[in-house]
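Order of writing sets the chain letters: A, B, C and D. Residues in each chain are counted from 1.
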Amino acid sequence: MQTITPWVHKVQYYETDQMQVVHHSNFIRWFEECRVHMLDEFGYGYEKLEAAGVASPVLTIEAKISKSVHFGETVEIRAAIEKFDGIRLTIRYEVRRAEELCCTGKTGHCFLGPDGRPISLKRKLPEVYEAFQALPTEFM
Amino acid sequence: MQTITPWVHKVQYYETDQMQVVHHSNFIRWFEECRVHMLDEFGYGYEKLEAAGVASPVLTIEAKISKSVHFGETVEIRAAIEKFDGIRLTIRYEVRRAEELCCTGKTGHCFLGPDGRPISLKRKLPEVYEAFQALPTEFM
Amino acid sequence: MQTITPWVHKVQYYETDQMQVVHHSNFIRWFEECRVHMLDEFGYGYEKLEAAGVASPVLTIEAKISKSVHFGETVEIRAAIEKFDGIRLTIRYEVRRAEELCCTGKTGHCFLGPDGRPISLKRKLPEVYEAFQALPTEFM
Amino acid sequence: MQTITPWVHKVQYYETDQMQVVHHSNFIRWFEECRVHMLDEFGYGYEKLEAAGVASPVLTIEAKISKSVHFGETVEIRAAIEKFDGIRLTIRYEVRRAEELCCTGKTGHCFLGPDGRPISLKRKLPEVYEAFQALPTEFM
């Protein structure tokens, strides 16, 4: 079975703001780092999707920040599939510093074909559909 | 009565990604641009809060992107208070390109005192509490 | 004669870092904001270049920061052509807060055709070449 | 002798722009990632400097981009001291994708004490001065 590892991110100086913590918009970028990493590990990276002419834009964003994160700290970000039917995809995330939960969130996506219109992966790219079906639904 | 104007943002090249649209994390930054602008217009800008030793970190983020936005386009962002009780603040936003609605969202905040602990504005800074009570609850 | 106005930028919270000043990388982004604005005002915006299949990537960057810039301040950025021969373009910039000079810099560009190879604007797009020749060589 | 390893950066989607390459401002951010990493490895990280009340702002930036870098690629960034006299510090950088040189650059810094005024590390923090003297002057 496919192993999925957490994405490890070292917090950068340019990610801080004058409140001396990571600017909240960066959590959304870290979700993307983790999402890309998970799909890469799974063998269905963005490059493969884009090579097939498929884009997967973000339609919805949610984040709940429970602990501030600081410059120089290292966080682990995990992703899991919440919902996937070939047309819509919801991924959830958690950001931890050591064992401590700092942020949870979700992103919702659709799939667009080469003409920029929504497609069903099930009908248009059944191999990718099957692969996504096998993505983990729990944090690993 | 206080007039609140929308925040006007011209989309920059560095805000795009290789999908040829604005990267979704920038909507969260635009919410902040608009929030700061609204408080400025209202006479209670961040500088004033920070001068009083009060920080107002973002605890929750929500966004729903219904239309992609592109380099060179100009968008208007409006903010309105959804909920404010002196301890928690929820602001909602909408991003429009001409009349077209492109994105809606919310941010949730608390208030921290000089020691980094949550405070009630009502008790600690009643003048600011009164001012925030008067912020618009509908988009203007 | 064409009037070129400075680009006015209000410093955003997300542009600060924990040193409580604007992170230095943002000056490079402001140069781009100003460059795009100048070309727009001149009637040769990026959209027009990109519509002609021409990209103008940044090859060299220089900046000298003499004053820190802070959240909430407003800066004016001016651009002027330092050198242009149809193959290479060097633009210089200055960032002022009120009258005070805070940063100067330069960016160097080439021009790439639809196949991604360097082109001479003089030979390939003489109309654009003439237009660029008329861009201001002094700050206005 | 202290070993300095290159900083390894995986290029993120949010670092691209609509030219389908990494936005040039990110090279400046990668220089910072590498600078922080080098000082960390050397035992004189930013946290230690900031704990001593010393800030080291960027005064000058230079970059020369010779190859575009793309989403999903991995780059190695190396830093070396070009000049250090306790008052000014110049660091140079190179960004390589496998063996291929993609970008070189420099940043120039001064040192500010707790009151925000320039200091000489040699006089104020001789231990840090000695440590910086031992930083590598060639890429390792």
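Here are some notes:
In the analysis below, contacts are C-beta pairs under 8 Å (C-beta built on N, C-alpha and C of every residue); 3 or more make two chains touch, one makes a residue touch a chain.
Quantities reported herein were computed from a predicted structural model and do not represent experimental measurements.
Chain centres were defined as the mean of their Cα atoms; on that basis the chain farthest from chain A turns out to be C. Per-chain CA centroids place chain A at a distance of 29 Å from chain D. Centroids of chain C and chain D (each the mean of its C-alpha atoms) stand 25 Å apart. Separation between the centroids of chain B and chain D, computed from CA atoms only, is 34 Å.
Among the residues of chain B, those touching two or more other chains are numbered 13-14, 21, 25, 29, 32, 71. The touch graph of the protein chains shown is complete.
Residues 12-14, 29, 32-33, 36, 40, 45-47, 71-72 of chain B touch chain C in their complex.
The touching residues of chain B, counted against chain D in their complex, run 13-14, 16-18, 20-21, 23, 25, 71.
On chain C, the positions that touch chain D within their shared complex are 19, 21, 24-29, 32, 55, 57-66, 68, 105.
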